[in-house]
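Labels A, B, C, D and E are assigned to the chains in the order they are written; within every chain, residues are numbered from 1.
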Amino acid sequence: MAIVVSDKPPRQDPKVNTLNSPYLPCFLALALGVVAPFFLYPVFVMELMCFALFAGAFNLLLGFGGLLSFGHACFFGSAAYLCGHALKVWGFPPEAGILLGTAGAGVLGLAIGAVAIRRQGIYFAMVTLALAQIVFFTCLQLPQSGGEDGLQGIPRGSLFGVVDLAATVDLGYGPMPLALYAFVLAVTCAGHWLIWRTVHSPFGKALKAIRENEARALSLGYRVDAYKLTAFVLSAALSGLAGSTKALVVGLASLSDVSWHMSGEVVLMTLLGGMGTLLGPVVGAVLVVTLHHELSSLGSWVTVTIGTIFVLCVMAFRRGIVGEIVHRMKRSF
Amino acid sequence: MDISLSSVLSQIMLGLNNGAFYALLSLGLAVIFGMLNVVNFAHGAFYMLGAFVALIGLDYLPRLLGSEAFGLGFWPALVVAPVLVGLIGVAVEKTMLRRLYQVDHLYGLLLTFGLALIFEGVFTNYFNVAGEPYGGKPPILDGAVNLGFMFFPRYRLFSIALSLAVCLAVWFVIERTRLGSYLRAGTENPDVARAFGIDVPMLRSLTYFLGVALAGLAGVVAAPIYSVSPKMGADLIIVVFAVVVIGGMGSIMGAILTGLALGLIEGTVKVFYPPLANTVIFIVMALVLLWRPTGLFGKEI
Amino acid sequence: AGGPLKIGILTDMSGVYAGVGGKGSVIAAEMAAADFGGKVLGRPIQIVFADHQNKADIGVGKAREWFDTQGVAMINDLTNSGVGIAVQRLGTEKKRVTINNGAGSTALTNKECGPYGVHYAYDTYALAKGTATALMKQGQGSWFFLQADYAFGQSLQNDAANIVTAMGGKVLGTVKHPLSTTDFSSYLLQAQNSGARVVGLANAGGDFVNAVKQAKEFGLKQTLVGLLVFDTDVKALGLATAQGMKFTTAYSWELNPEMEAFGKKFFAKAGFMPNMTQAGVYSSTMHYLNSVKAAGTDEADAVMKKMRAMPINDFFAKKGVIRADGRMVHDMYLVEVIKPSESKGPWDQLKLVATISGDTAFKPLSASECPLIKK
Amino acid sequence: MNENIILETRDLGKSFLGFAAVSGVNLTVRRGSIHALIGPNGAGKTTVFNLLTKFLPPSQGRVIYDGEDITSLKPAEVALKGLIRSFQISAVFPEMSALDNVRVALLRLAGGGHRFWRSERELDALTDEAMALLDDVGLADFSHVLAGELAYGRKRALEIATTLALRPKLMLLDEPTQGMGIEDVDRVTALIRKAAQGRTILMVEHNLKVVSTLADRITVLARGQVLSEGDYATVSADPKVREAYLGVTAGEETAHA
Amino acid sequence: MRDVIDHQGEMLRVTGLHAFYGESHILHGIDLAVHRGEMVTLLGRNGAGRTTTLKAILGLTGRRSGSVMINGREAVGLPTHKIAHLGVGWCPEERAIFASLSVEENLLLPPRVRSDGMTLEEIYALFPNLWERRASPGTRLSGGEQQMLAMARILRTGARLLLLDEITEGLAPVIVKKLGESVRLLKERGYTIVLVEQNFHFAATIADRHYVIEHGQVVDVVEAADLSASQARLDRYLGV
């Protein structure tokens, strides 16, 4: 069964679809990453990058695995907590903390995936949502998490004990944490590279086949569930990477990162940008986060706006922004 | 905490109360999913709307029209609110949902998710987030009756009775009449159903009307017990989803029975290990799905 | 610096605390700026505001940007402790004054305290203590707690329970309920069966409101006390349900003529009466501006010195002082919700029962865990 | 056991809620033969297929494949052993090119489908073999067309190509010519004959023309049981078959004669 | 519902029917006319547009233009369910048995559009397999049984105009024979039948007229009378 987009999903044909070549996104990301701080507030840009990675990881599952998880925040958030705790309480160096967070999310992904993968489509979404709620309430109740105050004051520490990530240089427009910035940029690009690699790998092909005709893949001897689970764990771990990095950037981990609203938000990012395209989630993330940032004086109209965008995406342009562009380009060939 | 028989019995009563409430909500959800293949994320919002219609009808309408005469009491609200909410639902169905039946279910979920946000946001703007009291509880339902082991609020007895009655009525209409099989056929293969002379579009609107009207009704019933606030549906909805999934999506009876059962389970947990109270449902769900992937009453399709 | 002196109001405009701070806080700050004369040290005073949506990361992000790129000198309100703590930490890092009015967590002046952080209007300790003490004085010695099951509920319950036991009362039991529970009946039943005289509600907002409503519904005989109650909650309950309930607050317009005067003035602008947060925002902003003027600079160290040195005397506080741990010490008030019959209008809800003098109201400095205080 | 028997079922049976769809079927398929399974609708042919490929668990009886009891294996495992089926309704990966359809099958055989860290260029190694297979089924020119856009007959051809890619020892084809125009039927018939080189084929088919031209041996099922077995001549002569399947009664015989 | 007898006794007249699926233009002006009690077949290769013709008559394609008169009523512009109530029964190519309904429920599902449909007994007599399996879920049926069910389903409704799409598909000769008989029976009962067939020989014996469709157009019409004469022509069309 087509678990996602039975109405002509955006095709993955690397030959035609330049927007899916690894170079363009990476180049764009890098270029943007380098120039952005001159126009935008660096810390904000770093947050953008984290969410972009989160959305990318999510898209790996939805866009390419055809599985809609509605509880992905639990990987993002719990990794943030784990990494934060490691840095703050156990005094881990940042790289170790982030690795721990990522691994933790991966393991959590394995557990949740093992349960959820047995169901398809809507059920899958619901199951992931429910299991994520368990994680949410656990985070809320654990004393270490600091309840609704969140896990505060996560130190940035120094990378491999040499590069001080807290250090800032003043470039005339307020302090700029160069080291941290470079680090986050590197992590994000690495993450996106892995996503691209996965999509365009033998595994990616097999996954696509499974998405398109599960029974047939089974009769060809593919262990379908194992493949889906792998995709799920990968996506979870990458989300964890994003979460940990964000914790490092913002210096705190809070409940909002684990809540189902966040799960909804990452769906929106992916949908808005265009699922099944590599660049889409990045664009989506940038738009949504910027929206939150810019509208932050509009009060509850933020919710309304977000909701409206959701509706518009679903009703008007289901391919998402990038997907739409890709589609146009294909047409013109 | 003493675990005397009486206290256990009282907890059971309370569990039953919540159960009936879950049943009413999850029923609407199950109807909409089972018949339209739409996961109605806006269900919580419609529930909230129902409560607000009652509230506005009671407090604001008279102020607006400048006369107590125009106030909407509890009993009329019990009918008016669901119908009104249902009509809003129909509008949504006719203008938006309608265009999503052809594509993957996922889009229905996303659309309703967006709608939920919109409703919530708008009401947050005009109403006190902490909530407002609903003063419309009819005097006859005030006070409590002595059940021997506890004093149980009359109103809650009433709400149990009402919920169960409505649930059974709906179950009957869908499972025991032509309507049910028409609806099912309409979902499974609209083209052929239409070719048989079944007015599928009309049926769909009707179904969605029914589903959200149930949510609206639940809202009115809840108004006198909980304070009416824009966020009242947001968190409840996820629990209700769990109920439907456990019951087996689309299974009417499943939703009803599971709703009741989970109310009771939750009740017991609240006594013996409260911290687990709002995760227990999800844990149960995980276990059930491990054991029976289609849910307790779900058919393999 | 030449440009305007910017004061940031970082608050919850849309979420559960919108009623606590929100628009009201912005209006209060603008009133303060206007009443101060609109200028300080020859620089126009400018109020900027943003919605932190109760997300600490969004809040701290906004604050950081304000500090780094907008040259905001001081941030006020900070409803929601999560955001409050984060921003106060940031203030320490960036050497900027931050004033908490909306947030209640005692952590702000203890583990998390900072050299530029002021906790102004109230804190959970003061509320819990004020209420608990009053009831103990009335000889209601046996308590049962309903506690929201996370850090904040925990601290409320601790503070209250300590007072109770310290004053020779008994805590017969505590039941933890999950955050944002809709149905409290089963917990209330446990409270009922415990046989305690007082049921203390160590929760807030929607949880508190639902708990009280349902307590009435089940005809709970015991005295109900809210350990953190805002008048928005009283409104949510309605006088009919809430009447007779006692709780502690730092401000309410009904309490005395001065407060009423401010309330009326505020009402004229906002269309609703101010609560203790909003009053606090006005008062603290005023105090800050005075300090800036006195210090002749907006440089944080100098300003903080003045803020600590100068006592606060206005409708909000008499001889109020800011302690080393950042706590602003002032009188608190034990109030009671009046009967519907007594109410002379939609905003007339409370009456004064007792005034709790500042030195007893707040956690003594000696007991503070604030690292800044060398003992 | 007998070396030139590739598949054998012993008293195979399946019942659904009491209804015996298949009961006591003893089937022996010779290595290298084309074996046809025919019978009226609902006779249990597809069910037998499902039992052999483990898409359904048997209620009773055993399945011996290549001298080994596979009764309790999983679908994927059976497939790995070279027992591959095609479906009654054509099954391809619609959004992938014909070439990729085959390459995915080859990948499965080559292993390494799980390698998410390697480049998909690894697949290029499989291209030649894939093209060869496509050529065999006459789809060489369509290698880059999306499978979903192929005409019905070609879809079936592609499906057979992917099945062949797994180098099956035993191929199960469920009504390979169903729903085809005459010219497609001929193409597929030729194709099957070609595919039969060096492997065994068990097929369900209603089109007697196809059966008669292809099958070395025919088993007739009716009401879940074996009605008759033998080559086309014997079977079509068998009066039981003529009545149950062809629907000609003894009476008509004389009338026609 | 009441039949409107128009002067020519025409049950179905299709003129200049164009139909689209999204952007792709499938039917390019189909013309055909079927009188009451007649049976015609639509012949053609795979993808010629026969199924689409039937769907277009029922308004199940995307955009469509031209005219479809059923019982002297213009059906273009009517919603599908209204068209059905003009007395049309459709047996779709893909059978479309409802999985969520049992065999009997499937049979009982279509609302009667006229009084004089077949009774359940008659139907079960016609298809004994269905009687055996009446309790089990529709899609659990074998391929062939599903085909029978799809056919049987519309006989109950009393529709007078039957649109049958490849009904002998995947059926054993014995059943094909049976179907042949039942179709002949229906014709005798005065049903009007439009039959889409691959199995030409099945259709040949009963039909009054054969329409050959290619690329969404009627390219040739052969009367039953001069069938043998034009056999060669037909074979060419059908690529035999």
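Following the convention adopted for this analysis, a contact is a pair of C-beta atoms (placed from the backbone, for glycine too) under 8 Å apart; a residue touches a chain by one contact, two chains touch by 3 or more.
As the structure is a prediction and not an experimental result, all values here were calculated from the model.
*Asks:* Quickly list, by label, the chains bordering both chain A and chain D.
*Replies:* Both-contact set = empty.
*Asks:* What's the overlap between the neighbours of chain C and those of chain D?
*Replies:* A
*Asks:* Treat touching chains as neighbours: how many steps, at the fewest, connect chain B to chain D?
*Replies:* 2
*Asks:* Using mean Cα positions as chain centres, tell me which chain lies farthest from chain D.
*Replies:* C
*Asks:* Find the geometric centre of each of chain C and chain E from their Cα atoms only, then give the gap between the two centres in Å, rounded to an integer.
*Replies:* 77
*Asks:* Hey, how far is the Cα centre of chain B from the one of chain E, in Å?
*Replies:* The answer is 44 Å.
*Asks:* For chain A versus chain C, what separation do you get between their C-alpha means, in angstrom?
*Replies:* One centre to the other, that is 37 Å.
*Asks:* Using CA atom averages as chain centres, what separation in Å is found between chain D and chain E?
*Replies:* That gives a centre separation of 31 Å.
*Asks:* Can you tell me which residues of chain C touch two or more of the remaining chains?
*Replies:* If we look for residues of chain C contacting two or more partner chains, we find 14, 18, 149, 178.
*Asks:* For this structure, give each pair of chains that are touching.
*Replies:* Touching chain pairs, listed by label, are A-B, A-C, A-D, B-C, B-E, D-E.
*Asks:* Spell out the part of chain A that touches chain D in their complex, as residue ranges.
*Replies:* It is residues 9, 11, 197-198, 200-206, 208-209, 212-213, 215-224, 226-227, 230, 234 of chain A that touch chain D.
*Asks:* Mind listing the chain C positions that touch chain A in their complex?
*Replies:* Contacts found on chain C: 13-14, 18, 22-23, 49-58, 60-62, 64-65, 68-69, 80-82, 85-86, 89, 105, 107, 112, 149-154, 178-179.
*Asks:* Any idea which chain E residues touch chain D in the complex?
*Replies:* Touching chain D from chain E are residues 45-47, 129, 132-133, 136, 140-145, 147-148, 166, 169-175, 177-178, 198, 238-240.
*Asks:* In their shared complex, at which residues does chain D touch chain A?
*Replies:* Counting only chain D, the residues touching chain A are 53, 75-77, 79-80, 84-85, 87, 91-96, 100, 103-105, 107-108, 112-120, 122-123, 146, 162, 166.
*Asks:* Considering only the defined contacts, which chain A positions touch chain B in the complex?
*Replies:* Listed in rising order, the residues are 2-7, 68, 70, 115, 118-119, 121-123, 125-127, 129-131, 133-134, 137-138, 141, 260, 264, 267, 271, 299-304, 306-311, 313-315, 318.
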